[in-house]
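There are structures below to look over.
Common to both upcoming complexes is chain A, partnered first by chain B, then by chain C.
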Partner chain A sequence: MNLRLKTSQRLWTIAFLALPLSVYVIVVIGPLLASAYLSLTDYTFSAIASPEFAGLKNYERLVNSKKIHTAFQNTVAWMMAALVFPTGGGLFLALMLHERIRFANFFKSMFYMPITISLVVIAQAWSWIYKPDWGLLNTLGVSLGIIDREVFWLSERGLALASIIFAWCWQQVGLSMVIFLAGLTSLPKDLLEAAQIDGANYRQSLVKVVIPLLLPSSVVVIALAIINSLRSFDLVWALNRGQGESATLAVEMYEETYFSLNAGYGSAISIALFALAAIIIAIYFSRIRYLEHLYD
Partner chain B sequence: MNRKFLFVFAALMALGALAVPGSAQDEVNISHYFSGELNQDNLNTIMSGFTEATGIAVIDSPIGHEDFKTGILAGVAAGVLPDVFSYWAGARVQFVVDAGALQPIDELWDAAGLDDVVPAGVADAATIYNGSRYFIPFNIHYAAFFYNPKVWAEASIDVPDTWDGLLEAFAAFEAQGIDPIALGSQFRWPGQFWFDYLLLRTAGPDYRAALMAGDASYEDAEVVRAMEMWKELIDAGYFVDGANAYDWVDAADQVANGDAAVTLMGTWIGGYWKGQDLVPGEDYDFFDFPEIDMVPQAGVGPIDGWVMTTTANAESAGALLEYLINDVDTQTLWNTSYGSLSPNVNVDPMVYDVVAAKAGASIANAAVYAFNYDLATTPPVAECGLDMFSAFMDDSSDIAGTLATTQACAVEGFAQ
Partner chain C sequence: MTSDLRREHLARYVIYTSLIVLVAVYSVPTLGVLLSSIQLDREITRHGLWRWPGAVTLENYERVLGRATVPNYLKNSFSVTVTATAFSIAFGVLTGYVFSRLAFRGSEFLYLAVVAGLFFPPQIVIIPLKQLFSKTPINDTIWVLVVVHVAFGLPITTLLLRNFFSTIPAALREAAIIDGANEGQILLRVMLPLSLPALAVLATLQFTWIWNDFLWPFVLLSTNAKAHTIMAGIVLLKGQYDKAWGVQGALSVIASLPTLLIFLFFQRYFIRGLTLGAVKG
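Coming up: the complex of A and B.
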């Protein structure tokens, strides 16, 4: 009787897992394995020729490519910016709005709103802001006497990437703010009260109590910021398609695969990007385990 | 029973995700790049007219012009394509024909008597690939220097008909504080017309055809010379600053507003300007790229059209293709609103505005009609060149290095 019940449970488990697992295998594991295989071939994304095994040729090309070096640097720069600006900005906003200030809910909604908007829409809005001839930024800059000529925010080398990252940070800061706000709401009040009784001022409470207790939220915010930065494609593509040496690894992967039709090489870039993300995720999980251990 | 039911249920649920709907006989799935400012409204009218005339429904999935280029190639590789899609005559159609993605339309062509509808020159250049017909032409465009006549009149500068005259005009505009050349190369392709015309006017159509086919090198003296001439214009400050920050519509606006003197663009710019209520001949006009060397004078431009995929229902998809080229009202509406010329000889020449009619005369007078760069060479090689044109507008200091990179890229591209 007992055994029959277990078999039945197992069958139900299999039945209910079959669909999501099948979908997961089809849309995640399958393409990942296919990409790994294609990265070792000379497949040209053409229906004419079938992929021929090319060993590590694509990876060798990747390591020696100047464009990939630039894209890697851009991706790392994006990741570093993601660590600083959305995280720091989100923490600052959360601390401000957690206090009992007037219209706090209104400001929370306003700061969170960008995260609910599609990146393509955000790209359109920022492309108007960055437009050289009639964009908001140049118009303001000229009228205030800050600049005396058009600045090409999205096409000048060095400036293009910074402009795109700024637009991205503007969107992401709301997400960090909400996570930090959730962390602040769940802080144990007795610890804060104890700090106050011990004579700690606001800065001391913040540095010694609040921020350390926000560590779990910080791990989530930082991990999300890093993972989202590694996926940075849509905003670059919609804003300037990698002009001004602003292409990231994801953009290079897309261009090589779908424009130059080098699917083998494009797959190698995607696998390299996956490896980079996997390392970050591994660090993230080890950090989570460490924190769980710490709080136990 | 329970176990069997559960396994069958699980299998059906898993396979359900893979189900692909098929095309019915009374409908045609189409995709195209005629979106937004590229005349989408009139195409919708045309498709409605087709459904009304035949009872065949058109399931329309337009894609943005730039995304279409990758979308179709991805569809070819995956074997998932609409029944009918718009495409550009030349190397791009050749590429998908070679991939085995298209259905020949010889029978349709003969049955509809299209030899009497499409001029032989257009039919030979645009419709035949590997010995069979695959392509239905829909419109013909022509690339030239577009300008605002009022701006030129106000600046008291005559429209030039020689290369030296053009350079003098540029210098005169520069002296008056007007940017001589608007270029919106944000999406790379608008820069190609400069390369095309400079190469065609100096090295001639035969050399250019050899380069497009991979029988010549980007490091040849002919290409170097064309690039040096382009560089001279850049160094003289004739192009608007930050060309890569603008798209072709921005460049069109700069010319229309009098901020720039000319833009080297295709006749579809007329369709855009008409949509802005500008009057052909009064608010905008064009002149041909002048002769530089004594070589056959070529005209450059794309021929847009439609192709039918191997999975399409030949009857319904064929009916649509025939309608698109054969129906005179359709051809008239499309080409008069798009600033292009009809490949259908039955369209009354009087329907064209003065600028379109002039473009027709320029094409007729050209010794050769050449497809523009990214339609004249294979898609992978076109990427090499388009990258080069865009990078060149950013930094034109190292022509030899730029061309060596492009040649290496082209060799790899042709190997595909």
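Coming up: the complex of A and C.
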């Protein structure tokens, strides 16, 4: 390649990257580093007092805080639920809808629709299911004689988090369904036929052929589940603002920062969240490599 | 053979029945929102929400749209969503092209650094970002939201467009170079015309995400800012409409219509977008 062409390519590369990467650095990378710094200070948004360096004090407080322990457990519980329910439910629906059935597109759309709706609206919808006085669950439960008093689905300890996660799983099922459906459609037909000729029944070909071949789709489903559970804030905030010990790390971070104005401490929580994300993602990707080689 | 056939019929029957039951149960939360939006609050107070509506009314919708606040929220949502979608895709075209066709030393690392952004919870940057914007003239305007959505959209648009550009045969670009085209011309005249389906996929995805977002306006704009979007508006109005269930329902329906319509009309693109790369892993 001649030199002039090479120089011209360099210039174009710089021109193409300049604006997008500057915006990315200013809005994402820079603030990320700033957060790391603020987490070592006693910053309180105060305009008069400049932030004092506080060393690891915020992190010490974080490690010993009972609220943070709960929020951490809640975030992990959310992640576990995210890995099991939408993934399992989505796989189940995908296997059913992959069969040649009529109105398959209608069914798919119905399961998929909640994904296109904002979590704010999802919260609205579910608040009418969980509402203590005339919510659907209590109305039904009382009239069927299953419960004899109003259950406070969104404020009772232990129950609140489960209720929120349930609503969230309801939304996410459609997403895993679509991804698994795409995976199923791309399965090599001859492999399935070969299994059938060898006399495999449905269950056998499912466990031995279909599910291993769906591994790449599962990778995506699981990655999405992890990402989405770590940032879980919207639904909690819109449903009950973390009542009944249902706050996640992201909610706790918001409360500390905006209500208690402990921006330094809030930054420490957000950096902890960042570290958690980085660790999980690193583990996840190293496992994935390993798993993929298994099926090579 | 006949028993096989009968078994297949039975299996089909079971699948249909369970699908219909599942869809019915699955639609209940959505149905609740619709039900509330067409009933008067005093009806709901008296009889609860979960029954066949006595009298259907559109009053809630009139109340919601009759006040300046909500149409203003909607207008903001449209401006932010359309602008940010357009810019984030344009940026993704530029970076995706460089990372797929103009590799240089360190470009792989840069690419990974951008795509890694997909995994990080946005909460991490909230505090410094708020401080940063408060020092700029765009503070408390919709431009704050546009900038943030464009930046946070870059990982996904870069990822998908790099993958897409990589599937376009290299020979096309080489032929254009021989014809004397520069990289700008190649991108505009060769790559982009071939990428329209991929761009449509990204547009539907970005539109939906940005429209539905509530976090950014909620944390970056002050409560009384005029720039709030409809999703933040729903949460902000909640205090005012504490017992106004009908209004809350109507608000929810109106706020969801744009993305629902996009979903109905561009379903294929939408689903392709979410499954892109899923198959290849």
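Just so it is clear, the second predicted complex is superposed on the first by the 284 of 296 C-alpha atoms of A that agree within 3 Å, B and C clash if a C-alpha of one lies under 4 Å from a C-alpha of the other, contacts with A are read in each partner's own complex, and residues count from 1 in each chain.
By our rule, contacts are C-beta pairs under 8 Å (C-beta built on N, C-alpha and C of every residue); 3 or more make two chains touch, one makes a residue touch a chain.
Because the structure is a prediction, the values reported are computed rather than measured.
Look at A:172: by the touch rule set out above, it reaches neither chain B nor chain C. Using the contact criterion defined above for the overlaid structures, shared-chain residue A:132 touches chain B, although it does not reach chain C.
Of the two partners, chain B and chain C, it is C that touches more residues of chain A. When both complexes are overlaid on chain A, the residue A:258 reaches chain B and chain C alike. Shared-chain residue A:238: touches chain C; no touch with chain B. When the two structures are aligned on the shared chain, A:217 is found in touch with chain C, with no touch to chain B.
When the two complexes are overlaid on their common chain A, residue A:150 makes contact with chain B while staying clear of chain C.
With both structures placed on the common chain, the touch criterion links A:19 to chain B and to chain C.
Overlaid on A, the two complexes show chain B and chain C touching the same residues of chain A, namely 8, 12, 15, 19, 23, 26, 133, 258, 263. Across the complex, chain A is touched by residues 2-3, 6-7, 9-11, 13-14, 17-18, 69-70, 73-74, 76-77, 79, 95, 98-101, 186-188, 241-242, 244-246, 250, 254, 259, 379-380, 383-384, 390, 394, 412-413, 416 of chain B. Every residue of chain A that touches chain C in the complex is listed here, in rising order: 5, 8-10, 12-13, 15-17, 19-21, 23-24, 26-32, 34-35, 38, 43, 93, 96-97, 99, 101, 107, 109-114, 116-122, 124-126, 128-129, 133-134, 136, 139-140, 167, 170, 175, 178-179, 181-183, 186, 215-217, 219-221, 223, 226-227, 230-231, 233-234, 237-238, 250, 253-254, 257-258, 263, 266-267, 270-271, 273-274, 277-278, 281, 292. On the chain C side of its complex with chain A, the touching residues are 12, 15-16, 18-19, 22-23, 26-30, 32-33, 36, 44, 48-50, 91-92, 94-95, 97-98, 102, 104, 110, 113-114, 117-129, 131-132, 147-148, 150-152, 154, 158, 177, 182-184, 187, 208, 211-215, 218-219, 231, 234-235, 245, 248-249, 252, 255-256, 259-260, 262-263, 267, 270-271, 274-275, 277-281. Those residues of chain A whose C-beta lies close enough to touch chain B in the complex are 8, 11-12, 14-15, 18-19, 22-23, 26, 44-49, 132-133, 149-150, 152-157, 240-241, 243-244, 255, 258-263.
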